[in-house]
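Look for chain A in each of the two complexes below; its partner is chain B in the first and chain C in the second.
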Partner chain A sequence: MTRDTLSKHAFMWPAFLIVLIVTLFPLIYALTVSFQTVRIVPPMPPEYVGLRNYAEILESGRFWNAIGVTATIVFISVMFQYVIGYALALTLHHNVPGASLYRVAFLLPMFMAPVCVALIARMLFHPVLGPVNEFFTLFGLANIPFLTNPTLAISVLIVIEIWQWTPFVVLLMLAGLQGLPNEVFEAARVDNISTWRRFRDITFPMLLPLSIAVIFIRLIEGFKVIDTIFVLTGGGPGTSTETLTLFAYNEGFKKFNIGMASALSFLFLIVVILFGTVYLAAAQRLTRRYQ
Partner chain B sequence: MENQLHKRIGLGVALTWLFICLFPLWWVLVTAFKPPLAVSQGATYIPFLDFKPTLQAFRDAFSGIRGDFMSPIFSSLAVSTVSTALSVLLGSMAAYALVRFEFRIKLLAGIVFAIIAIGGFIFTKEALGWSVPAALGSMMIIALVTSVWLNGKKLPGPIMKNDDVTFWFVSQRMFPPIVSAFALFLLYAEMNKSGVRMLDSFAGLVLAYTAFGLPFAVWLMRDFFSTIPVEVEEAAMVDNIGRMRIFFQIVLPMSKPGLVATSMIVLSFIWNEFLFALLLTSSKWQTLPILLAGQNSSRGDEWWAISVAALISVIPMIIVAIFLGRMMRSGLLAGSIK
Partner chain C sequence: MADPHVTLRSITKSFGAVQVIPPLDLEIRHGEFIVLVGPSGCGKTTTLRMLAGLETVTSGAITIGDVDVTATPPGERDCAMVFQNYALYPHMSVRNNIGYAMKVHGATPDEINERVSEAADLLGLEPYLDRKPKNLSGGQRQRVAIGRALVRHPQVFLFDEPLSNLDAKLRVEMRTEIKLLQKRLGTTAVYVTHDQIEAMTMADRVVVMRAGIIEQAAAPIELYERPANKFVANFIGSPAMNFFDAEIKDGAVLIAGQSLTLPKERFETLGNRSKVIFGIRPEHMRSSDHAVDLTLVPEALEPLGAHTLVLGRLGSDKITAQVDPRFPVEIGRPCTVKVDMNMVHFFDPETEVRL
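Here is the complex of A and B:
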C-alpha cells in the first residue's frame, strides 16, 4: 500500500511540477508586473500604478479594434471550418473512391507551420506574380491588392485559417462518425428514411456534443492566432489586421512597455475565460433541448 | 438512384477540396526549382514545360551563402525531439497515475497555495528586496509544501478528483499562450541577469516546450491507457513486481501505437511552434519557424529561396501526416475523443 502511494506520487509529480513551473510560476510574476509601469527603453525604475495600465488599455481604441479583428477572423473562419469539415467527414465516412488518399492529403495542412503557410499564401496572393491574381485576371479583375486593402487582407487571413484548420474538424468528426452505432442507421435504411432526414434526425443530434467540443477547441485555438498575421501583414495596413496576441507582442517588444503588455495579456485571458463560460453555458442549453 | 447521386456529390466535394489542399503544396514544391526568370514573369506551374527546373536554390541554401540554414535546422531538430520525448514520457507517467490511482485534492489547499505564492512573492520582493527568481522560487516551494501538508489534513470544502486534475492539465492549453510566453520571457530575462542562462538557450526552450506538450500527452495517453485491461498488471502485482517495472516493461510496450500517435502530434505542435521561439530565442537557438518568418522580410521576392526554406520545414511533417493518416484508418484515434 505504502509502496503504491509512493509510486502514485512519483508518476504524477514530474509532469505536474513542470507545468506548474512554466505556466503558473511566471504568471504570478506577470500579474504583479501588470500593476506597474516598467519600461526597458528608456530604463525606468518600476513603480506601482494600481489599475492604471488596465484602464488605459480599456480606453484605447486599438484594444477594441484588436478584439474586433480577432473575433471577425475567428468566428467566420471557424464557421466555415465546421461546415466544410463536417461535409468532408461525411463523404469520407461513406467511402468515396480513393478515400485513403484523401485522408492523408486532407491532414497535410494541419501539420504545416502556420508561418510556412503564410509564406506560401504570400506568393499565391501576390498582386502581380501570383496564381490567384492570374485566376482573377480571367474575369477581368487584374492586380487586386489582396494584402494591402484592409477588408481583403482580413479575408485572405480567414481563407488561410479555413485552409489550415478544416482538417482538424475532418479528423475529429470522422472519428466521431466511425464511433456511431451501426444498428440505428440500418433500421433507418429499412424504414426508407431519406438521407437528409437521416442526417438531421440521427447523425447530427448524436454528434452534437462532439461538434460543440470541436467548435470550442477551434475557437479557443483561433483566438491565439499570430504567426500567419505576423508574416503576412504584420498587422497592417495600419492596425486593420492586428489581433490581440499581435497587439500584446507589439506593445511589449516594439515599445518595450512591459507593464502594459502584461496587463493586456491578462485582459486577453479574462476575455477568453468569459467567452468560454458563456459558450459552454449556451452549449449545455442547446444539448438539453435536443434530448 | 438517390444513393448514386449522393456518391457523385460526395466525390465532387472531395475532389474539389483535394485540389484546394494540394495546390499550395504543389506551388511551393515547383517554386523551389524555379530559376529567377520563371518567377518574375508571372505564375508558372509545370516544370520542364513552363520553365527549366534548377537546383540552384537548394545549393545556395545548404552552402550557407544566403544566411545560415543548418543551425536553425539543428536547433529545431534537437529541441523538438528532446522536448517531445520528455513530454511524452512524463505525460504518460502522469496519465498512467490518473488512470490507475485515485487522487483527492482539496480545493482549500489549492487556494492556500495561490495565496501564499502570490502574497509571499510580493512581500519578499518588495519589502525584503529579494531578486525575482529567488523570491518566486522560495515562495513556490513554501506554498507547495504547505498545501501538500494541508491536503493531508481534514478540510472542509469540495474535493477535486482525477477528472479535475486532467482538466487542469488540459486547461493550460486554453490560456492564450502570449500570457505565459510573455511572463516566461520576463522570468528568463531575470534569470539571465542573475547568471543562469535561460533566454536563447537549449535548456530554456526544452523546458518551455516540454510544458507546452505535456497537456496533449496527458490527455491523449490517458485515453490509451484506459483501454488497456488491468488484469495483466494485477497478475504482475501478485508476483510482487514494482509499479515502475510494470509501467516500463508491460504497460508502455502494450500501448506502442498510442505512444507513436501521441509523439507525432506533440512533435508537430512543437516543430511548428512560433510564439515561444520568437520570444525566448534571439540568435543561437533560433528555430526553423523563426528563420522562415525572417525570410519574408529579408528576401521578399526571391521566391525560390523562400520555397526551399518552406519545404525544409514541411517535409518532416508530411511524413508525420502520412503516418497518422494510416492510423486514422485503423480507427486508432477514435478512442481519444470520448
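Here is the complex of A and C:
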C-alpha cells in the first residue's frame, strides 16, 4: 500500500465511523425497533412482530387522517408563505420608504420559538378572552370557536404557520433579488418592458431555482410541524388537527408504544420522501421550460 | 447647428451634495456618431444614463427629436442601450433575447422572426440563435446585445463601453462593425469609451470630457490637429504629446538652451512671449519643409517594428520621440532629431488654452 492510499484511509475512516455512529446507528436501531413491540410502561420484553406495526398503522384511519391534516396545513401555508413572502421581498427590494425598518420587523416572527408563538396565538384566539373574538363581537358576531371547530382550528394553525414562516421566504427571496444583475433590469426598462412583464419574464425565471429551493425547505420543515399544534389544540378537537409528528408523539409518549412510534417515524420518512420526490420532479419540469 | 436630433440643455447631475456634471450642453445631429471620451470617473456613463432616462437629471432639459423627454421614463424615449457587461437575459436563448422586446410590444411572430434573422445575419449570429448567453464567448454576447438594440429600430443608440471586455483583436474588429452598422442604418448614436483610439476611429465627433465638463467637441482630425487645450492635447494621441515650458523670442522657441525657429506666419500671430507651454507630438519629430534640429539624451528605446520610440530627456523634462527603425541612436549619447515646426502647439501657461 502506498503512502497516498494510506493517508486516504486515515482521512476516510474516522469520518465514516462518525457518520455511522451519529446518524446510521440511531436510524438502524429505530428501524429494528419498528419491527418489535416495545413498551416502556408497563415494561414488556421486546418481541419481534415483523411488519405488524406497519400494517396496523396503515389500516388505521387515524394515520390517513394525520397525513391529510399535515398535507393540508403544509401545502396551504407554504403556498401563502411563498406568495406573500415573495411579494414582500419585491416591495422591500424596491426601497419603499422605511424599508430598513420593515426589513427588521418582518423578520421578527421567524426568530420566535414556535411554542411562544402558539401560546400567544392561544391567547389571541381564546373563545372568550381573546382580542380576535372581541374584535368580531364589535361587529355583533357571536363568539367564534376558533380552536374547537375542526375547520377553524386548522385555519388558525395555517395562519400561524404563515405568520411565522413568511419571513424566512422574505429573507431568502430578498437575498436572491439583491443578487440579480441590475443592468439586466435596466436594459428591460430601456426596452419599455412593463413592471409586470419584467417580473414575469425576467425576475421570476431568474429566481426560479431559488424559489424551488425555498419551497422545498418549507415543505420539508412544514411536514415536521408539531410544537404549535401541541400547545394550541393538542391535535383536537378529536384528531382533527393531529399531524403525523403529533400522532407519532402520542403513540410514543402517551401510550409508550415505542415500536409503533418507530414504525410511524419510518412511514413519516417515506411520506416526506414521496412528496419531496414528486415536488422535485414537477419543479424540474418547470425549470426545464426556462433553463 | 442645423437639425439637431438630441439636445442636452444645461443638464446637471448631483449625487447628494456632490455635483458630478456641472451644466453641460450638447447638440447631436441626425445620424451622427458621437463618442464621449475622458478619464475614468469624468461622468461619461452618468451623461449617457441621463440620456437613457436611467438617471434623472438634477436640472436642465433633454430633447430627442423635438420632444422634451426630461421627465419621460426610459422606455418611452425610444433609445436602445448596449451595456458594458452585455446585460443579456440569461435564461433566454439568443433568439428570444433579441426578439423579446418586440414580442412584448405585440409584434407578430413573422415580423419578429424576420427582424431577428435580419439582425442575426448582419451580426453573424445565425449559428448561435438557439444557445443561451452563458454558452457564448464575450464577443458573441456583445453582438447579441447589439442585435437586441438593432431590432428595435430605435431613434438613438446608446453604447456604454461595449467593447471594453473584449480582447484587443476582437475590439478592433467590433469597432469597425459597429461603425459600419451605424452608418448603414443611419441611426444617431452616442458611444461612451475611455479608449481614445476607439473614440478617434469611430466618431463623427468626439466629445472630450473632464470632471463633467466638455473640454472640446470636434471631429477626430480637428481634435488631433487643433486641440483646444493642454488636457485634450495630452489625452488625444498615442504616445502622448510632449510638453515643455518655453519662451518665444525673435521668431524662435527657446527650450532648455536650444533654439527652434518658428515658421514666420506662426511667429507673427504669437509674438514674443516670456512663458508658454510648447507641445510636440512624438510622431511629428520628422523632416518637413520646416524642420529644425532638437538634441535630446536617449534613456530607453522601444522598437515597435514600424518605428522606434526614443524615451529620453530634454534638460530635466521627459521627452518621447518617434523615429525611423534604422535611426542611429545610442542610449546615453545625445542625439539630434528633426522637429516639424508646422505641427507644434502652444498653450497658455495659466489657462492651458491653445494659443
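One rule holds in what follows: the second predicted complex is superposed on the first by the 268 of 291 C-alpha atoms of A that agree within 3 Å, B and C clash if a C-alpha of one lies under 4 Å from a C-alpha of the other, contacts with A are read in each partner's own complex, and residues count from 1 in each chain.
The definition used in the following text is that contacts are C-beta pairs under 8 Å (C-beta built on N, C-alpha and C of every residue); 3 or more make two chains touch, one makes a residue touch a chain.
Since the model is a prediction, treat every value here as computed from it, not as a measurement.
> With the two structures laid over each other on chain A, which partner does A:Y82 touch: chain B (first), chain C (second), both, or neither?
Neither partner.
> For A:Y54, select first, second, both or neither according to whether it touches chain B, chain C, the two together, or no partner.
In the superposition, A:Y54 contacts neither chain B nor chain C.
> Just to be sure I read the superposition right, which of the two partners does A:L269 touch: chain B = first, chain C = second, or both, or neither?
Touch partner of A:L269: chain B, not chain C.
> Considering only touches as defined above, state whether A:F111 meets chain B (first), chain C (second), both or neither.
After superposition on chain A, A:F111 lies in contact with chain B alone.
> Between chain B (first) and chain C (second), which does A:I193 come into contact with in this model arrangement: first, second, both, or neither?
Touch status of A:I193: second partner only.
> Please tell me which partner, chain B or chain C, touches more residues of chain A.
B
> Can A:L92 be said to touch chain B (first), chain C (second), both, or neither?
The answer is first: A:L92 touches chain B but not chain C.
> Should A:Y249 be classified as contacting the first partner (chain B), the second (chain C), both, or neither?
first
> Using the superposition described at the top, list the residues of chain A that contact chain B and also contact chain C.
194
> Could you please specify the touching residues of chain A with respect to chain C in the complex?
181, 183-184, 186-194, 197, 201-202, 205-206, 290-291
> Tell me, which parts of chain B touch chain A in their complex?
By the definition above, chain B touches chain A via 2-3, 6-7, 10-11, 13-14, 17-18, 20-22, 24-25, 27-28, 31, 39-40, 42-43, 45, 90-91, 93-94, 96-98, 101, 103, 117-118, 121-122, 125, 132, 136, 140, 165, 169, 172-180, 182-184, 186-187, 207-208, 210-212, 214-215, 218, 242-244, 247, 268, 271-272, 274-275, 278-279, 288-289, 292-293, 295-296, 303, 306-307, 309-310, 313-314, 317-318, 320-322, 324-326, 328-329, 331, 333-334, 336-338.
> Looking at the complex, which residues from chain A come into contact with chain B?
3-4, 7-8, 10-12, 14-16, 18-33, 84, 87-88, 90-92, 94, 96-98, 100-124, 128-131, 133-134, 163, 166, 171-172, 174-176, 178-179, 194-195, 210, 213, 220, 223-224, 226-227, 230-231, 244-245, 248-249, 252-253, 258, 261-262, 265-266, 268-269, 272, 276
> Which residues of chain C touch chain A in their complex?
52-54, 73-77, 79-81, 83, 85-91, 100-101, 104-105, 132, 148, 152, 158
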